[in-house]
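In what follows, chain A forms one complex with chain B and a second complex with chain C.
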Partner chain A sequence: MKTYGFYIDTVNCSGCKTCQVACQDKNDLEPGHLWRKIIDIEGGDWKNDNGVFSEYPFAYHVSLACNHCSDPLCVQSCPTQAMHVTDIGAVDIDQDKCIGCGYCTWACPYDAPKLDKRTGRMSKCDLCYDRITKNENPSCVDACPMRALDFGDIEVLKEKYGNTRSIFPLASPELTKPNIIIRPHKNSLKASVRNASIANREEL
Partner chain B sequence: MTPSAKYADLVLPACTQFETWGVTDGWKYGEEVFLAPKIVDPPFETKSDYRICVDLSKKFGVYEQFTEGGRDEKDWVAWFVDEIYRKTRFPDMPPFRKFAASNAGVYTKPVYEPKIALEKFSQNPLEYPLNTPSGKIEIFSVELFKEGQADEIPPVAKYIREWDNPFDEKAEKYPLQAMGHHYNPRVHSTHDNNQWTMNGFPQRVFINPADASKRGINDGDMVRIWNERGAMILKSRITKRIMPGVIDIPQGAWYDPDEKGIDRGGNVNILTSEKWTPFAKGNAQHTIMVDIEKA
Partner chain C sequence: MEKYNLALVVFTWLTQASVGLIILRAIYMRRSSAGDDKIYITGRYILLTAFILLVTGLLFSFAHLNYPRHAFNALNNIISSWMSREILAEIILLFILLAWYIINGFTIKKTPQIIMEILAGLSGVALIYLMVRTYMLPSLQGLNTPAFPLSFIITPLLSGSAIIYFFLRKSEPELAIKYKLFFAIIFLFSLINHLIFRAFHHTLGVFNIYSAFYLAALIISVPSLYSTLKNKNVMSDVIFLNLAIICDFLNRVYALTYTNPAL
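Here is the complex of A and B:
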């Protein structure tokens, strides 16, 4: 059985959020209801050397939806078994069983499931099921003007892009075995030592 | 309603660019022509701005002259492609009728081999002079010198102090430089009312942590930004991505004054001088000094 995943190129991502808006457009999500979101990271600092500033800060962006993990904590924590793994390896929500309690969001280290205020039930990325069954890419992937996203069989992506599964500030991949491959930005290596933090919590 | 519409005495229902014909190219030196065909009819009583002007021209009795013989929007686009583009910058472009029928949307000048800037000039400057008065690369521009304003339009490239700058007396009162960069979710003021894009990039004033901590400002605080021209109250975003001593209020936000006349929309123009930039006669939206405090 194939397992699908996303490739996220944080070197080429410009943080424009076209993927986020394409996802909202395709899935008719209200403003602020994000199945895909972009985390802005910034770090480093300015040095004032006698009125001359040097030592430029750095920034990079991580585009993130549901990672359709192989060991999904959201599925384990769901009290009604609404959260489940489908036959294509995707993590999905049975809307008839979901009671909107939000335990899945608490358990998910990526904060992927979101409450749909219109239905009172949880909602999340479904890999654009209707598109991928027609052999099309999910909307976010095709919308990216930097071609920084890719989608497909995780084994194929692994062969193409390597096997980096995490980047600052994402959780250790051991926790849930996320099906994402990341091309790490060079400054992500400095993130932990250079005082990096999430710069756009307000928008997440 | 847009701020401009609020000030208007008369508001006419113009349609969007999807409901009329249009054509554009990638700026003055671009290599592309974009066709913008009419996709749907204008809804309700809306009309293209050209059609509104045509109707006015009938009332003024200048219909024939204004439309140059009764051209509609599509006729003008066809005329522009065939008589202007094809006869000047894009001689190999297909004629309008063929271009529109192909549904290609974009014509791009083909590139057959790598291009080198000033290639012919560098090989033979006498035979291929540049389009300058001397035909050479001009380090000192006689044309700019003749403008007679060497202080503001120097004939050699050099640093000149802005009218509002951090180095004179005024800076004691307004110590922070303000700029208004082009922001991701908008095209100038277009899309400021688009909640999907604005939710991803809300209108904020970007402040360096050093300047914010001096003033006791925390991330997300409402702050007042003012100078002798105007004042606004806006939510803050503390970020190291802006240089110490500089704040950034993205341009294009819609003016939204409260009852005291303080702008709540974050429109950088209320802080900008009305003085034109010396050469381009543009809006000097990066030449602003301000101070900022917790609101």
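Here is the complex of A and C:
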């Protein structure tokens, strides 16, 4: 069985949010209800070299949806078994079981499951199941004008792009074994020591 | 803090108050010097209070469900979900208390009382353990501090001793004083617990509503404890107990604020 995953190129991503909007449009989500979100990271510092100040600001963007983890904490934690792994390896929610308690959101280190206020139940990225069964990419991937997103068998993506699975501010991949491959922005490597923080927390 | 978390604060707090009452009731039943009838009646009232607190807590837990029509599904995942286990333990404790109250009405023989006491005590402790496990998720870094399990031990003792104190204040003042002193010691632990939380969240120096309440409770505790030791019933007594309980409740509000996702 194939395990699908996303590739996220944080070097080329311009943070335009087209993927976010394409996802909302395809899945008919209300404003503020994000299955895919752009996390804006900003940071930097300055140096004083004998009275000459040099500044080193930086910014990069991480486009993040559900990572359809191999060891999903949301599935383990869900009290109703509504959160489950489908036959294509995607993590999905059975709406007939969900009680909308939000515990999956707590358990998910990526904050992927979101409450759908219209139904009172949780909702999340389903990998655009209808599109991938027609051999099309998820809508976010095809919408990206920078070609910063890719999708496919995680083993193929690994061969193509390497095996980096984490970047600031994401949690350690050991926690849930996320099916994502990341091309890390050069400034992400020193993000934690260069005062990096999430700049658009209120949007997420 | 999001709205549904407040319902959880009330749920955890009331449930733990109920467990605390059951445990501290056992001490009352053995230490009281009142007549058997008097002990039996007070014990029965305490038991009823514990049951009402538990039921009220359970009702509050429904308030955080956005789709309560499916609520019965919450027991589906006992195998791997700490939340399912917590709810199961809550229901078991509820039935034990109900059965105990009914048995208590029929017989005052010691053996069935002790059996029910042990069953309720053990399932109460198990419930608190399961509650701690439910909230201490690896993804919720803000809750993964030693202060969190400590607060789940402090609340039952604090609320339990306060309620029993109010039951005994007039009828058995000598025993009530001991519960009050115990309450005051636990309140100090609650304050320390809050400070540990703050230290982990780097907010030790921030003065806010939590600090104001803890400070007020500390100040009022002095005349309150003095009057208790002098066997006087004064307003400061009631104010201290209420303020201290509000502090512990706010400490829980503070803790569960960190259930909001990191991203």
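By our rule, the second predicted complex is superposed on the first by the 193 of 204 C-alpha atoms of A that agree within 3 Å, B and C clash if a C-alpha of one lies under 4 Å from a C-alpha of the other, contacts with A are read in each partner's own complex, and residues count from 1 in each chain.
Everything that follows uses one rule, which is that a contact is a pair of C-beta atoms (placed from the backbone, for glycine too) under 8 Å apart; a residue touches a chain by one contact, two chains touch by 3 or more.
Quick caveat: nothing in here was measured; it's all calculated off a predicted structure.
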item	value
Contacts of A:Pro31 with chain B and chain C, given as first, second, both or neither	first
Contacts of A:Val21 with chain B and chain C, given as first, second, both or neither	first
Which superposed partner A:Leu157 touches (first chain B, second chain C, both, neither)	neither
Chain B versus chain C as contact partner of A:Cys125, first or second or both or neither	neither
Which of chain B and chain C A:Leu73 touches, first, second, both or neither	second
Touched partner set for A:Ile198, first chain B, second chain C, both or neither	second
Comparing the two partners chain B and chain C, which touches a greater set of residues in chain A	C
Touching partner for A:Ile41 - first (chain B), second (chain C), both, neither	neither
First, second, both or neither for A:Tyr103, with chain B first and chain C second	second
Intersection of chain A interface sets (partners chain B, chain C)	none
Residues of chain B defined as touching chain A within the complex	184-185, 195-202, 208, 210, 220, 237, 239-241, 243-244
Chain C partner contacts - residues on chain A that touch it in the complex	39, 64, 73, 76-82, 96-103, 105-111, 115, 117, 119-121, 169, 171, 175, 198, 201, 204
Touching residues (chain side chain C, partner chain A) in the complex	4, 64-68, 70-71, 73-77, 80-84, 87, 137-140, 259, 261-263
Residues of chain A touching chain B in the complex	15-17, 20-21, 24-25, 31-32, 38, 42-46, 48, 53, 57, 59, 199, 202-203
